[in-house]
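A, B, C and D label the chains in the order they appear, each numbered from 1.
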């Protein structure tokens, strides 16, 4: 925590969801660090716990059913989980902001888009109403929306435009950390390209750090510095983008890459991961990926697999790395 | 003779503000055992095209030929025969299966309607054969759809489409709701089935990497019209239409050393309601000139490579 | 917006016209001769025949219908009571305020108390006082209003002597009728408000508001409530109409000479002009309150508002 | 096979209702009331019209646990017998009204287009009067009596059912499984009844259940204002009407019939609430 560059540090984060008698371990002892200006991509499939991690950081987990049962989140030397609610309200939206997956539902349908941006500005700044409106109009222009549309309602905007509004809202107070939860999944490819570029430009301009949640490895390749692969509530591989794309080590990560239809090669059979993600209510002992892993051994299910550093800055949660390399590479 | 031939197909919808030209003057052929990919962004009419072809919706104009027979206006028994030959796999595995009907009954239903199987035992045998074919475990036959994950549900949808031994299946974004690893499994399944049965697909999707992986020929649609049609390799190596170029360049690439040179498009997809006469891509096209306000025709620029753009030769 | 209101008013007229037609026809074909009832049991056949002629009952169905429709919709003359020989319109106007006072006050109670209870329960979901509030609402819904009225008379009039038990006079005469009319509506509104708020509880835009760092109170009153109230606005019209129509029973329990009791008495004495006039009044009243609510809704919901006010702008 | 399928979805719903405490209480109360009414001859210590002229207007006592009325008839026994009428009225009218509503609503949804518009416009006129008023009018026209009251109450209930099921059909009509059914050559009838209806019926069932309670109340109100079932018949509302003149002297004559109505309606509403939660598709996953 004494490291000047480090802005975010998550330690042993644990979140469970309860529905009736069922308990789902959504996030299981997740730890990672982030430096200022860095983009960390959280990659994984539906239900892996990516969004839950982001919502825990911002402190907007829906409780019930979700419950944060352990861990620490340090932002610029302050611990967020134990922070009193009133103080935390100042952090939300001012220091940490979030962009949501579905722009269609992320905006209040009964409020003009301008007012929704102004709302956050008034909360975290000493602006007068007029100043806030002016700033909000500035934000709209910044994300490529004419400021005349300040008074329009969300239904008058297309999906891509709504996402721009959401981005304007998130960046209005110059947060130091931006959580982007699948910001382009609901958009068309050409619009996705526009939005990704927009986020990138604005982020670089203000030196904002970002956690990008996505399932699209292409988006990861284009936007992130470091990558954490999440599977069944655990980070199973963490590396710089270059390391991860050039030498993916965990069998799951390798499987993900093999599942992608190639853009540069012709038609051939894919080598997908077999089976389906595990039932989150009863995760297997040891490695959660073991039932689907082609390299599974008896050791895999014995005990918790350590998160080992296999190369400098490249961590992997697998106990059979050596055998794998023989067969794979 | 092609398996399917579509000639100048049109499908318009009345909406409060005018006429939605969802599919406007589209023509192509699909051969037996071949896969035609149809790519486009949301609202370009690609799903409507598929549904109109298999007669789930009536065409506004044009012709659909199945094995040379005009089926555009088939009715009654003829339509039933047509539907046995042409099937569809839907995008959303959550809404495409009836939540109150068990897996087994869902797959059995087309078999019952075909009246090909006399006894219950025959029906059950055939159903189980289908389940095996698509890789749905037999012990799941008494399950309800909500008890299955997305991949398995999509397999059930495929089994239902295969039940009547069709010659042709429209796959309407069958993998876009699935996770990457499951998506690959379903793609493999579709390709295996094609190898085994010689079935033809029309693969409708917005995902260019998927369409490239599975198709022989690709059509690119923009606001109801075809803008480019070519064999898969041709389209990717020698992209001609400015929209296709932009579309291809917009896909985030996993190749971290050779990021794509991006063609940024201005604006968003315009409305297909009461469109202007000229090129529909006009407003967003970086190369637009006055001539583009004339109607654009799909022309054969190179062998088997069709493009609807009057400036295609100058640009490339 | 003007066109929309005009359209709605026209449709309202059609409904009222239809209701007039239906009510006339029903009464015409009702078994039993009103002249016999009005003339009394001992009247001679001759007197009855005279009365029939006097009331116009000897004319054909179409003759009578034409006369009724002409008088009602062209001359705006609701006729004269057969029993009391007084102009119906005049009598209605005297009785109307009593019914409206009860109806409007009950509605005001419905909304305020219902909303408060609903908000209170929803924001404390799962706590014991949520269950308590909803339990009370459940009991309010389940008790027949006229029985509650009887119990209240027993308690407050005969036991405690606080309130007069029947008739009209000062404000104290209206207290019990208003409370009895309101109870059911309060409960319905409370339940609906709670369900509606819980429905928007998990909406993404609520999360967005929280992510901005907005205080919980503002999230509830600024974001959640306006959205949750939308469906409740639509039900206000219905609720109001129901309260006014229910006045028949409550007015009869408390012997309040309002429109409802007027109708009931007229039904029993076969005083058809009064019955028809009262029914038309209720129909117009229902239609008007529905219209009013729709207008309020169109005004509050930007989506609907735009549909009507921007229609011209988009036509271009 | 079909049977087994039904029973399991049914059983699932049932077990869910049973695990809802409110609904459990409702079921218990209703079962007690219904069986007491059905087995009235075995439970009631007096006959329906058994008069005891020496014991008129006697308040609750060990002999007559709820007292006697103006003719010396045992109130408790009459309430049990009367429950048969009230319950039958409520159930018949709610069921008949909902069934007609479902039929009209599904026909409208099935036909679509112009026919649907016409049907719905007709429903607008039908429901231009609030249902209570409609019931008052119809029963005034038809005259008093059990079946006429059932008819009046059913007619008042129809538009509600139509609106509800049509709304459901509208939101379900665009689902892909219906297109899938069409593409595998299901007939329109089979799409309507095998695919669409089972998926839209739950809210209507919930509504019909709650409707039973409302109908019992309305029936009682009708009887009370002298239009529904008439006094010699021991319907609960009619008994209240009968007792209204004695309200000041013999309040128990008002209390007990009202309590019976309120308890029954409460039980039915509790069950309806439980049913709504149990049938909520969101909870199925």
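In the analysis below, contacts are C-beta pairs under 8 Å (C-beta built on N, C-alpha and C of every residue); 3 or more make two chains touch, one makes a residue touch a chain.
Remember, it's a predicted structure, so these values are computed and weren't measured experimentally.
Peer 1: If I average the CA coordinates per chain, which chain comes out farthest from chain B?
Peer 2: Here the answer is chain C, farthest from chain B.
Peer 1: Would you mind telling me which chain pair, C-D or B-D, is linked by more contacting C-beta pairs?
Peer 2: C-D
Peer 1: Once you find the CA centre of chain C and the CA centre of chain D, what distance in Å lies between them?
Peer 2: The mean C-alpha positions of chain C and chain D differ by 22 Å.
Peer 1: With centres defined as the mean C-alpha position, give me the chain B-chain D separation in Å.
Peer 2: Roughly 50 Å separates the two chain centres.
Peer 1: Mind checking the centre-to-centre distance between chain B and chain C? Centres are C-alpha means, answer in whole Å.
Peer 2: Averaging C-alpha atoms per chain gives centres 53 Å apart.
Peer 1: Under the definition above, what is the set of chain A residues touching chain C in their complex?
Peer 2: It is residues 55, 58, 60, 62, 64, 89-94, 97-98, 100, 102, 105-111, 116, 119-120, 123-124, 153, 155-156, 166, 169 of chain A that touch chain C.
Peer 1: Which residues of chain C touch chain A in their complex?
Peer 2: Where chain C meets chain A, its residues are 126, 202-205, 207-215, 222-223, 226-227, 230, 300-303, 306.
Peer 1: Of all residues in chain C, which touch chain D in the complex?
Peer 2: 11, 15-16, 18-19, 22-23, 26-27, 30-31, 138-139, 141-147, 150-151, 153-154, 158, 238, 241-242, 244-246, 248-249, 252, 263-264, 267-268, 275, 279, 282-283, 286-287
Peer 1: Show me the residue ranges of chain A that touch chain B in the complex, using the header's touch definition.
Peer 2: 45-46, 158, 160-161, 188-194, 196-197, 215-223, 241-242, 245-246, 255-264, 266-267, 269-274, 276-277
Peer 1: Write out the stretch or stretches of chain D touching chain C in their complex.
Peer 2: 22, 124-125, 128-130, 132-133, 136-138, 140-141, 143, 213, 217, 220-221, 224-227, 237, 240, 244, 247-248, 251, 254-255, 258, 261-263, 265-266, 269-270, 273
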